[in-house]
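One chain, subunit A, appears in both complexes that follow, with subunit B as partner in the first and subunit C in the second.
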Partner chain A sequence: MEKMQGENEDGQISSADENYNGALIHHQSILRNKRCLLAYMYHRANRLQRLRWQLGAVLPEDVKELLHPSEKEFVKSYSEALSSYMTKLDIDLAVDITPPKDPYIQVRVLNNIGEVLLGDQSTSLVRNSIHFVKRSEAETLISQGLLEEFTG
Partner chain B sequence: MDSANGSEEDALWGNDDDGGQWSHQDLPNDVEVLKRIWRNEKSAPEILGYETLLVERVREQIALMEENLAAYAESLDDVMLSLFEMDVNRLMFLLRAYLRVRLSKIEKFALHIMRTAELWDRLSAQEQEYAQKFVDVLSKHMHDSVLGKLEKAYDSMVKQAASSEENDMIVEPQLDTYVFCRSKTAVGSFQLDDKGDETVDLMPNDLYILRYRPVRGLLGTDSIELV
Partner chain C sequence: MANYYDIQDILMQDETVSTVFLHKANGAGFLDPSSEDNNVARGSVVDLPLWLAQDLVQRQILHIKLPSCFNARHEQCRPNLPLILENVLRVRKEVQADPACVDLHSKCPFYYEMGCKLVELSVDPTLGPFLLTTLQGRYKDLLCKALTATLSGNLKFLPHLTEEETRLFEAGRDSVKAFKKWRLQGPRIEKAAILGRKRNRDATPIWS
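Coming up: the complex of A and B.
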């Protein structure tokens, strides 16, 4: 490419020009395709990162089957990098996405889980029962989809 | 963290400014400082310096508060207990939010941060490790899925083609975005432009909307804060 550009510096039309324009178009379209592909993969990678923050280290099955194998690798290694950072700091960064208004929160149970250790007492979580629990314990269960916040 | 007077509550809070003086008005409370640092980090388009000392102090404070909470759990009634717990939670939230904002900026601009020494120095040691790992993970993913299948000349993640002169595919933070800032001290006349065309008089406690690039320096010297 550069060679062709160099040869035509004096701007005269020569037979090399015909190839030059074709090569230029080909080159630019390769670049555009590359950028499109990378943008698509990067956007998907961003979505996966956000999912990791929302749902925790394990992805639901229906998401997993939509992924390219290297995306599965990406999710695994990203999750590892994130958890190693969090353990180094000894803070879990994925909880408390919104500022907590109350140390206790009302939750409704979605599935039958049975006996769970909440605080110092073990409560049996029957479907559709409402409990008043501490935020920190509720958060992990909420992100796994077992509880939901009960509002009004 | 203003609580009522009472020797029990005093003991519970373990004051962070000098020796037991409740002079909240003059000395900035660590919580206030953390709130301000968090707000600055949230509004700034580029990553700002990591406040190692502040984070350390805040973590010590949280640990102290939790210890005290456990120790005093029986002697206080439920309402007071939940109030103190809520305070611990909110402080933890501030700390987590600060770290999360930084992480998201690192993820967005990882390659740029790695090649700019000034920005790299603004990361804590753990953040640097994380940035390195993140770049490795991302580039491996891109290579395996897209770049590995392209010709040698086009397989770089940072250059469009081998014939590009510099790494032109790296995302850089937009330093020319507008930010809201409040001036804390009177800086006087401040030049916004290299040409000396626009000057702004910065009086204390005034709110401005300015482009980020010219006020970067002021942010470093703490004369303004971002809102």
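Coming up: the complex of A and C.
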């Protein structure tokens, strides 16, 4: 019965329909390529957003050199939008991702950074020195890998 | 369109299905390795990826044959070739006997998602319930192993899992790890994961 139906339609199908089918196949391939490329860019942009939340406004150098100029634009404007939002609310949203137990935390310095403004005083962070700092400030530095939590 | 950017969906649609063309298609001869000119003739059997086959089936340009891994007990199975029928029935029998042991990954890495797509497109009404019973049979075993897995054991059956099951397994394992870490009160703020990786190109470390 299927064959008969096919033969029936065959009489009515002109050569234009055959070309239509071929064109359709090519069109679908183009759409597929577009989808793959868009998905790749979308996931890259997602990763950059996550990096901004984890590391703060400055990206590490080896990540920066892998970015396309338009991605650098994206990072810059996303970062600006985030910081203007956070200053309007007057809190830093990127800290305290896990609920803190203590407002203060003990940290050990892993690398020499020099003078850093911690709270109201600027402290000089020498390697392997232990400090008792406020958790919100320590959090950005820990996630950048400069400090380590000291669980003595 | 919620799946448009979903990587798993994109990968899944790369799997091929065997299709029969109902109408001719000009200029698409690269799909059919046996065509001499650049055309696909009516009635030719071609292996197409699912993303292409799906659209063409909806426009009724071709017919999808259910892949043998789903056991096509289907009108397209020719009754005068009993050997093929036997091979094809074997999958369902294997699954009905013991779902937990069947190696689904080698048959099709995206077994369940592919089956779901084919349920919408093809004629076989028993495919949906069959997929459900398969997953039910495997799920309990999967969950037990995921939540009790140690680092070294339980590696033998992992290659048998499909992609979706592997994701479930890893989610279970990660949740157990996180629970143990919480229990032991490990460090709660950590260095961002991206910084730990060493790049092959640069010899200089990031933070010196």
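Note that the second predicted complex is superposed on the first by the 125 of 152 C-alpha atoms of A that agree within 3 Å, B and C clash if a C-alpha of one lies under 4 Å from a C-alpha of the other, contacts with A are read in each partner's own complex, and residues count from 1 in each chain.
Just so it is clear, a contact is a pair of C-beta atoms (placed from the backbone, for glycine too) under 8 Å apart; a residue touches a chain by one contact, two chains touch by 3 or more.
Predicted model only: the values in this text are computed from it and were never measured.
Once subunit A is used to superpose the two complexes, subunit B occupies space next to subunit C without a clash. By the touch criterion defined above, A:A45 lies against subunit B but remains apart from subunit C after alignment on the C-alpha atoms of chain A.
Legend: residue contacts after superposition of the two complexes on their common chain; A:I91 is shown touching subunit B, with no touch to subunit C. In the superposed model, A:L146 makes contact with subunit C only, not with subunit B. Of the two partner chains placed around the shared chain by superposition, subunit B is the only one that A:Y78 touches, whereas subunit C remains out of contact. In the superposed model, A:A57 lies in contact with neither subunit B nor subunit C. Residue contacts after overlaying the shared chain place A:H26 against subunit C, while subunit B stays out of touching range. By the touch criterion defined above, A:R35 reaches both subunit B and subunit C. Superposing the two structures on chain A brings subunit B to within 5 Å of subunit C, judged by their nearest Cα atoms. Comparing the two complexes, residues 35, 38, 42 of subunit A contact subunit B in one case and subunit C in the other.
On the side of subunit A, the complex with subunit B involves touching residues 1-2, 27, 30-31, 34-35, 37-38, 41-42, 45, 49, 68, 70-71, 73-74, 77-78, 81-82, 84-85, 88-89, 91-93, 95-96, 99-100, 102-104, 135-136. By the touch rule above, subunit B contacts subunit A in their complex via residues 82, 85-86, 89-90, 92-93, 95-97, 99-100, 103, 107, 126-127, 129-130, 133-134, 137-138, 140-142, 144-147, 150, 154, 157, 160-161, 163, 169. Put simply, subunit A touches subunit C in their complex at residues 6, 9-10, 13, 15, 17-19, 21-26, 28-29, 32, 35-36, 38-39, 42-43, 51, 54-55, 60-63, 98, 111, 138-139, 142-146, 148-149, 151.
Interface of subunit C with subunit A (complex): residues 4-7, 10, 22-28, 31, 39-40, 42, 51-52, 55-56, 59, 61, 187-192, 194-195, 199, 201-202, 206-208.
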